[in-house]
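Right after this note come the structures.
Next come two complexes, and both contain chain A; in the first it sits with chain B, in the second with chain C.
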Partner chain A sequence: MIGTSLCRWAISYCAVAIAWLLLAEGLMVAGFGFPNHDIGGPDTLVIVHMVCVGWLSMALCGALFQFVPVLVARPLYAERWTLPALALLTLGLTVLLAGFLALGGHFNGPAWLLPVGAVLLIAGFALVVVNLSMTLWSARPLPGPARFVAGGLACICVTTAFGGMFSLVLSGTAAGAQWPDLLISGVPIHAIAGLGGWLTFTAMGVSYRLLAMFMLAPDGDVRLGRLAWLAGITALAVGLVGGVLTFWRMTGLNLALLLAGPAALLSLAAYGRDVLGLYRTRKRRALELNTRMSLAALVSLAAAAILGAALLAIGFFQSHVGALAFLVAFGWLTGLVLANLYKIVPFLTWLETYGPVMGRMPTPRVQDLVAERRALKWFVVFFAGSWAATLMLLLDAALGFRVAVAAVMLATLGLSEEFIRARRLADVAEPLRLPTGAAMPHLLVSRN
Partner chain B sequence: MTEFIDVDVRPILRAGGEPFSIIMAALERLEPGEGLRLYAPFKPVPLFDVMASRGFAHREAELEGGEWEIRFLPNDGAVEAAEPASAASSDGDWPEPMVHLDNRDLDPPEPMVRILTALERLAPGQTLFALLSREPVFLFRELTKRGHQWRGDFTPQKDAYQLTVRVPA
Partner chain C sequence: MTIDDDDLVARIRQALKVVIDPELGHNIVDLGFIYDVSVDDGVVHIIMTATTLGCPAAFFLKEGVASSACLVPGVESVDVTMTFEPPWQPSMISPGVRSSLGFAEVN
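Showing the complex of A and B:
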């Protein structure tokens, strides 16, 4: 093992991601898209892709570039691909969103915007997937958490493949006209592979290692996470392969999803059991804020699983799928990513700044870069706002939803300031702040 | 001539058991000057550093079927007495660690800080031994930059990572 260096652009990914999140939240507060407009309409698609691609995927890619090498104790396959991938993803998303806006009649754009945006996004994700896959490949046999990442990478391929086909249908091309029913049967597959496979499954895997690390819990047992992984992979395989097959036959999608559902619930239950086990066997009694807030995000995931099952049972799934998607995207995924950024940003900043002088000069602790009491307030507002917004969607209260998202946006702004303060070493007491030999980090790029 | 206590961990490993505690228990029972003869189904490389940190050098011999006999000898000159000097492996010529750190219960990145701080106090050529709860991937980068050499591996039962670092001579 030659060690892991800092990924130069990981912080840049996080910064771009947060900018997209704030933009999406601002649009929701302004009443753009669902629930004021149709859930499948172009305006809602703008918000959905800003959140899922711009914010969640971008932040996850940045985190994976830094932590997949840690998970498998191998260097990243091609560090030099990370910046081109960031550029392709940003440009692709911008063009795609322009395509949706044109589709919604907001301006008179050309029909090629959607397919071109999709191609750029596919190219960006391809660079990410190949880079991370080659890193994983060099570390076979994979440790438990890395297997989740491998599953997630397979799912983002499915997601982008369907997204690419949708762009051909929506832009009215001749190729797209061959699949008139694609949007009806393909959208659930696109969403499940994206939200469930790529974002949730990958986040589950990475959280096994991060939670164990920060709670000082033993995670050496090879059986840890095995059931959650097996059940999850089964659910995704049945849902996605079944979904593609039924698309071919034009029937039976519900059967595939009904079979995948219980496996997905089993996976989540096993994951919950594992996390509780880590929590119980932890050596660290007082948990840091990032871990406590990760656990709050996990409560949202459990709530989403229960809500989804309940909506299915009483036959309200179709009419309230928006509330469920919001809870998954914000209460669970956004909450988890923000909680972990609250550790990742100070940690990388600390390593970059004080690593070179460590042991030679007195240096601050990582926790000296943050002010948890101040940040706790923003996290409370964030989770309360996310849960309130979900409730407002369940109650069909559009105005209430906008007010709740305004609280979420305020909390995001507050946490963004905390991240900037950590990068600027603003909370480090003066004699330790910049010892001789240490250099002030740049805000958006790491020195490696 | 050194007297040996025999420990055969082959049946324990075949039964899926964990032999580390048994080896350590046998070690506790050794009289001064006694050695430990270990039979294992594979070459227990990670054990060598643990034993080195407790003051034992080792001699290895491969048996039939890929199994190994390892003799651990107290590091008080008995090695030289028992073996011709040429048998001393050039790879095993690091001096005994000056510092032993048990960093297993420390929060990351505290283990890294303690190791780098302790290394700064060592003289050129001296070594440090540390036990950690996981592989210190971010530490390696700093060790490389500072020109330190290191040897590290997981313990046989995979519940800790053992690291020996040598300050450049």
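Showing the complex of A and C:
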């Protein structure tokens, strides 16, 4: 197989994801949820699930449908499943959020909203996991980056399983009443599997390949990423399996997490070393904006690892876990996803528009679809806002947090406009913009 | 190959310069993607590569090479083979293009 085809709905996933991100940011600016309300309260759960499921997971799913086939040089197992999965995830999240709003007393909703929302989300993620797993299965033995994705897929199964059980407890069902302590013991497992396993571990794996491709750095050494993968898988296995076992016995969760912590730090350190190695050995000296901003996101990941270890050491972890979670979700993951969307959107748009006429007419470059200098200021505002918002949370300055998130939202709006301009070919100079035979791409769906 | 075939190969190589790698932004001939062009009784055989196995652009590059070669007068048919052996290296880029891309010195 020489090349994979375009995933028709990858752009749609990205568009839906950005809409959820903007909505979550708007609510935070308005003072909804943490830090104005309890970190474990229903309003905060609305924000957390908008960001983690609506934004990060949707964007990651769209990117994986396009790039897992590139990682393993095999076609996607079932392209036709991608749209039903998008519909199930969107509907499931909407119902789940309605359930949280009802739980918070914002309206008088039925108790079944949470479990029904969870079931729809589980169905959507099941379609994603089976589709990507079968694609990976066809390419055994897996190359290094794909192993991270396989680990991430296992973790989203754990995350959704716990989420489903939480929905039964929170909605007051008879089944949920059998696990009265689930919310106390299970939330760390749910969060670690989701943020650490599914989102971070998967993003690490994909970034190995993407950074090597964009920097033209040699990544053929089979040892590349091995330590980061082994230590990460060990950390996740000890944290999740140990967490589940201790949950069963209701003791020792902290021991499992303490054992997993050093392995997780080793994985992140090895990952940082590998990325620095790729950076040093790159053939392409002048890096494009997406790569530079990906490196800025990695700085956030390093900062999060240091902050987490420091908070644990001084005994402030529990009281400041919100700041750490925000830094991971925005400074690291959102920054990395936005940086990569800045390449993915114009690249897919280029392939869709100019690929079919290549060889017959002169075509522009991918870089001609974007204006890096204009976008740079939005990335600067985004990262400055994310880091400032983290600091405000550490200082318990709720108003300062809202102002900082307003800056993050402004940057997100600015970058959204850049993505739309790329889809509209607005920055491509004539006469290359629409050569004979090329068709203007649709905004929200690709022709494949 | 005859002198006429050599001339045809030269014209085909020139025609292939309309095909660019969208990511690197230069034509695939100067980037070193074209491993071989030969002519056999009017049938053109082209062996080419791309930067990444499995990349969605690889299919369009192959089609683009076939389309541009077909437009050259004297070409009856075109057979394009995409290979990743040997894998493409930045050292295959022509020196002028390499410096304009801001590439490090490669051996």
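Here is the rule we use: the second predicted complex is superposed on the first by the 447 of 448 C-alpha atoms of A that agree within 3 Å, B and C clash if a C-alpha of one lies under 4 Å from a C-alpha of the other, contacts with A are read in each partner's own complex, and residues count from 1 in each chain.
Basically, contacts are C-beta pairs under 8 Å (C-beta built on N, C-alpha and C of every residue); 3 or more make two chains touch, one makes a residue touch a chain.
Not measured: the values here are computed from a predicted model.
*Asks:* Given the superposition on chain A, are chain B and chain C in a clash or a fit?
*Replies:* The answer is clash.
*Asks:* Per the contact definition in the header, classify A:282: touching chain B only (first), chain C only (second), both, or neither.
*Replies:* So A:282 only meets chain C here.
*Asks:* Where does A:133 make contact in the superposed view: on chain B (first), on chain C (second), on both, or on neither?
*Replies:* In the superposed model, A:133 contacts neither chain B nor chain C.
*Asks:* A:94 in the overlay: touching chain B, chain C, both, or neither? Say first, second, both or neither.
*Replies:* A:94: touches no partner chain.
*Asks:* Once the shared chain is lined up, is A:66 touching chain B (first), chain C (second), both, or neither of them?
*Replies:* second
*Asks:* Comparing chain B against chain C, which has contacts with more of the residues in chain A?
*Replies:* The partner making contact with more of chain A's residues is C.
*Asks:* Now for A:173: first (chain B), second (chain C), both, or neither, which partner does it touch?
*Replies:* neither
*Asks:* Which parts of chain A are touched by chain B and by chain C alike?
*Replies:* 1-5, 69-70, 73, 213-214, 216, 220, 283-284, 347, 350-351, 355-356, 358-360, 363, 365-366
*Asks:* Which part of chain B faces chain A closely enough to touch in the complex?
*Replies:* 105, 107-110, 112-113, 115-120, 133-135, 137-145, 152, 158-159
*Asks:* Taking the complex as given, what residues does chain C use to touch chain A?
*Replies:* That would be residues 18-20, 22-23, 25, 50-69, 71, 82, 87, 90, 101-104, 106 of chain C.
*Asks:* Would you mind writing out the residues of chain A in touch with chain C in their complex?
*Replies:* 1-6, 66, 69-74, 213-214, 216, 220, 282-286, 347-348, 350-351, 354-356, 358-363, 365-368
*Asks:* Per the contact definition, I'd like the list of chain A residues that touch chain B in the complex.
*Replies:* So the residues of chain A touching chain B come out as 1-5, 69-70, 73, 213-214, 216, 218, 220, 283-284, 347, 350-351, 355-356, 358-360, 363, 365-366.
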